[in-house]
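First the structure, in the form of structure tokens, and then the observations on it.
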């Protein structure tokens, strides 16, 4: 069995939580933003990201010399929870904060850190992730986009797909084949940072089923990438990428994407004095509590540098099912008429949750892939 | 898509249902039997089977010349439903009625029919099924029990396992390797009827997790089986066996094994005037109704000789999950204290249902095997 | 189904196959009117299938109509076919004149519509297709009980709105709109109409379930991952089996429900069907999307045209909450001493 | 856990590993008494782990005890360890003298036990291990409120019964049984004891879940089908992932619940944990049996010793129905305007 630590928040942490909450409530009241389900993917608002940057809340855990606050992982956990619980539009800076920063801290050159991190913490520099390719699906290592060595850098040809917010982003961290395909498809891959405004880059929107624009296909036609934009070791891209995954899979964004709807459900049941409905809803809280303990425990181990690939995959596979269950439970307890433009919050949150739910168990590793990963892990233990 | 007929019961059929019901209620009141969940597997009572035989209710659809009634498959469906709804102890004659009779009708010799069927319809001759072998699991064709040709018959060595009620049964229909294992493991298998009281047959109980004795391992040590006990064509045993499966998988026994508990649940909710609980329970009725339509539709097509392997597998895989869900739903709606010897019926039915539930999705083809079968079927359509 | 019924279904299915494709649905969702689809149905006299012959229809039954509603779901047909034909069912069943115009209806337990001195007033939300059609058939509170009323939508203020599938669901405001025709109805009739309307939605949902299932089967044959078609993976097979199960159960539920309605005995069948279909909609939408993975949540793929309809329709009309309450009330009141007796009873209830 | 606590857990786990195997549990289920297990715990002074030092115990805390209860589930330990130790918790928390004898308890909201003139009368069902132990600690209705009472079971009529796991759950009838000691308790104290008892059952269940999970992982490595170990099949992998998820979530829930209890702040944690563990018990028992297939439902295999305990224990003490009601009441009354505020509040509630 995996044993995860329990986390008791300190008084300072509780204080920080209330501080973040007060800030968000103030801006919610002012109309700076509107609560939205799944806001970490679908709520891109550069102005809001800048505001968050001004608070010092991007790159919270990063070294001060790069503009960070050197706060703990648990502080960052609290911050993220508060963003998601109120459905704040954090999508623009999300990937830079969650993935690019930690990647550069671990594998980047000092030059890269000094160049990118201070921009990221200001909320002015956003990153996309260039991992999937057309038709790669769950077989992420089947990378066809290739880099050819030229003097002073690389020439990139190929394309990446499902890149969230590429249209708002300035750069993308991409996984590229820098050596010809050999016996093992995981070898010969490297991580390169590509300037999305460089010559030869074309960004084509992929409309979501709602018609909204969150995803993109990004084409590279003889795009030049200078040598200093290679992250880490050439040919080691696959392993470097894997290291990010535990961070990506275990956060509160795998549990709370539909939290605003749950909040509204409980409020509705309370208003209606529906005791039987509230009993049903309280089971949901029990599940949420269980997942949250797990997710915070993983965050704590990650901070200490421990190995948590399996519990992180479990947070993702069980947490995303939980998120998906909220609209289905809600509709059985209160009458709603889901509509994206609805006036009633519960109708709008139902619409957002229902329409976005299919993606929860697909993005960031499908549940099917995660089951296999977990099983291999526990059998090997 | 599969299209299945709808079945509207005729007035005669409704009448027959009430007749069966009255008979069972009378004997229930008299104490001839006690309602039990999963009675078709765990309720073996030869005296009761004889009583049913006297009513003409074994081999109901079979030709009159063998003692049958030449009634319709739908009549038999109704009869079976009534047995299961009241949890009558029909296990002793169950397999002879459900499987052996139809098998002999389709593949048996006239001699076999004349010898066995009249005994079966009287409720005096019971059959076990010798299909699984130790370690064969879902890989049913990996048969090791072998028959060696001798003058006038075959010498059998090997063993069969999970044979329900072998200890009460007189014969078993067994799948035996009559030719050496060749390239295809499905070839060279034959169906032989073995007298369970013959020399060299040893029956060893396999205790169920409750300690009850339903299953057996049956050992064959140089058991002689005369030539006239071969069913159908030598070497064709696998295909003959497959033909039975649609009958085995689509009946009401894949839906109603825990019906007595559901009945008791509804009665309890009614007594308590629990409207919210009753709303929950009514969803269960909706599922039951959906499954029953499907199951009756399959029965109708089977009667007309149609192909229903896929919908039959669906009745089994979805129906058995439904049966399993009844105790889990019940415990959330009423307080029970499950106990096999409890005085309160609901406690006893909870115990029987809970303890027998694990077997529902294993016996007669695990859900996992059925998913694969259905998928292959629908992809091939 | 009789041969005649089967023929009608085949004719209409052929029309939808010809005329309604992904692009057609897309443009209607963006706010266009699909005149060609409407026209060809009218030309083929399919709008009056269930209208009696003396009223100029084909004299079909409710069961013809319900079978056609399955096709509306199966092809995501973007016209007010259900609305117009069901409005005529309401008119004809209450002895009013059928209409030749495009029509819609509002039949609910609680409607804030009242009738007074030959005019109708009130606001109704989520009226399907109101902005595109001419007539509205609505249940209104009269001075001495319920009335079924027809008004012209020319006399209404219409504020456009839509459901998750971008189908028009408009707010209709009537202020002393003149009554075209009216008749008293009983509470039992209203209940019956609510049940029929719920049955209609179930039929349409079952068609969308069939299509989502078919699309998924097809996709698992075409799509390869790790070097083999994905239908070879056990977890995909599990999805396929779940989808096939839901598809066949709902299809058979609709057949049985239609048979009950045809025999004018719709005791609990409408309730069971609707509850089960809402459950199926959840399972099917989730499984179909999971198998299709990323490609299935793009606007480019057609899957969402069916799943968004399922998510929308399950919230419309009398749904799970209504029917579980009805069933619970009936279960509380039955005098049978056993559930099994109740379930297998074939007593007829609605005899209208 | 502190090192001291970890040591205690390790000592006891070693004892159980040595002394409690499948056969031991079998013979106890058939009606024997496992004196050797009892004796070795007594010799190692493990029966008084949580008793204070001045009362002759090891001075451990509730959290030591709760961690030991996990082992009771993990090894299906067939002796009244939980009962005796928890009876002493009750006695000590209310200022009564602890007992050196084997003991059991009955703590429920509704007990038909009354105390009058120094004697106790009433019938209590499902008292664990009553036939084997000496003392009963029970909540009784006194003339002016609740009383916690100790009586000797020598003064009781005991009718044997058992749960699904064949653990003794006896009916105890007291007719003017003399009180050994007694003290008044408040309703809040009773609620607190009910919560602790529920927490104890949760801890034991979590141990049984761990074992069912471990047995299943092991089985998937050993068992081959169609020529390869079954853990290579995707559907088995799905079961393993589900089991691992439930095991790690429940284990972490227990850790967090114990931490809350240790801080004397058990606001909602006992409720959340118990509700979640009952859900986990269902998933784990079903998945573990499905993977084990036929072999797992035989008496010969040990899996059922854990699943039958899960099915039994989830019905004992304050369970899902009790806790969802409590939570619902609290949710109805909180003044926070948002659920999130309520969930992240760290206010302490029980301060006994």
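Every chain is named by a letter (A, B, C and D) in the order it is written, and numbering of its residues begins at 1.
What we mean here is this: a residue touches a chain if its C-beta (ideal position, glycine included) is under 8 Å from a C-beta of that chain, and two chains touch if they have at least 3 such contacts.
Just so it is clear, the structure is predicted and the values come from calculations on it, not from any experiment.
Undergrad: Taking a step as a move to a touching chain, how many steps at least join subunit A to subunit B?
TA: 2
Undergrad: Give me the set of chains touching subunit B intersected with the set touching subunit C.
TA: D
Undergrad: Tell me which of A-C and A-D has more C-beta pairs in contact.
TA: Most contacts of the two pairs: A-D.
Undergrad: Go ahead and note the Å separation of the Cα centroids belonging to subunit C and subunit D.
TA: That pair's centroid distance is 52 Å.
Undergrad: Averaging only over C-alpha atoms, locate the centres of subunit B and subunit D and give their separation in whole Å.
TA: So the centre of subunit B lies 39 Å away from the centre of subunit D.
Undergrad: Residues touching two or more other chains, restricted to subunit B: which are they?
TA: Subunit B, residues with two or more chain partners: 368, 371.
Undergrad: Could you say which residues in subunit D touch two or more other chains, in rising order?
TA: 233-236, 238, 320
Undergrad: Flag every residue of subunit D that touches subunit C in the complex, lowest number first.
TA: Where subunit D meets subunit C, its residues are 233-235, 238.
Undergrad: Okay, in this complex, where on subunit B does subunit D touch?
TA: 132, 137-139, 162, 206-211, 215, 324, 328, 331-332, 335-341, 351, 354-355, 357-359, 361-363, 366-368, 371
Undergrad: If you look only at subunit D, which of its residues touch subunit B in the complex?
TA: Contact set of subunit D toward subunit B: 125-126, 161-164, 169, 223, 225-226, 233, 235-236, 282, 285-286, 289-290, 293-294, 296-301, 303-304, 307-308, 311-312, 314-315, 320-321.
Undergrad: Would you mind writing out the residues of subunit C in touch with subunit B in their complex?
TA: On the subunit C side, the touching residues are 210, 213-214, 217, 220-221, 231, 234, 236-238, 240-241, 244-245, 247-253, 255-256, 259, 263, 268-269, 271-273, 275-276, 279, 320, 323-325, 327-329, 331-332, 338-341, 343-344, 346.
Undergrad: Show me the residue ranges of subunit A that touch subunit D in the complex, using the header's touch definition.
TA: Against subunit D, subunit A makes touches at 1-4, 6, 8-9, 14, 17, 21, 81, 85-86, 259, 262-263, 266-267, 269-270, 273, 275, 278-283, 285-291, 293-294, 297, 310-311, 313-314, 317-318, 368, 370-372, 374-376, 378-379, 381.
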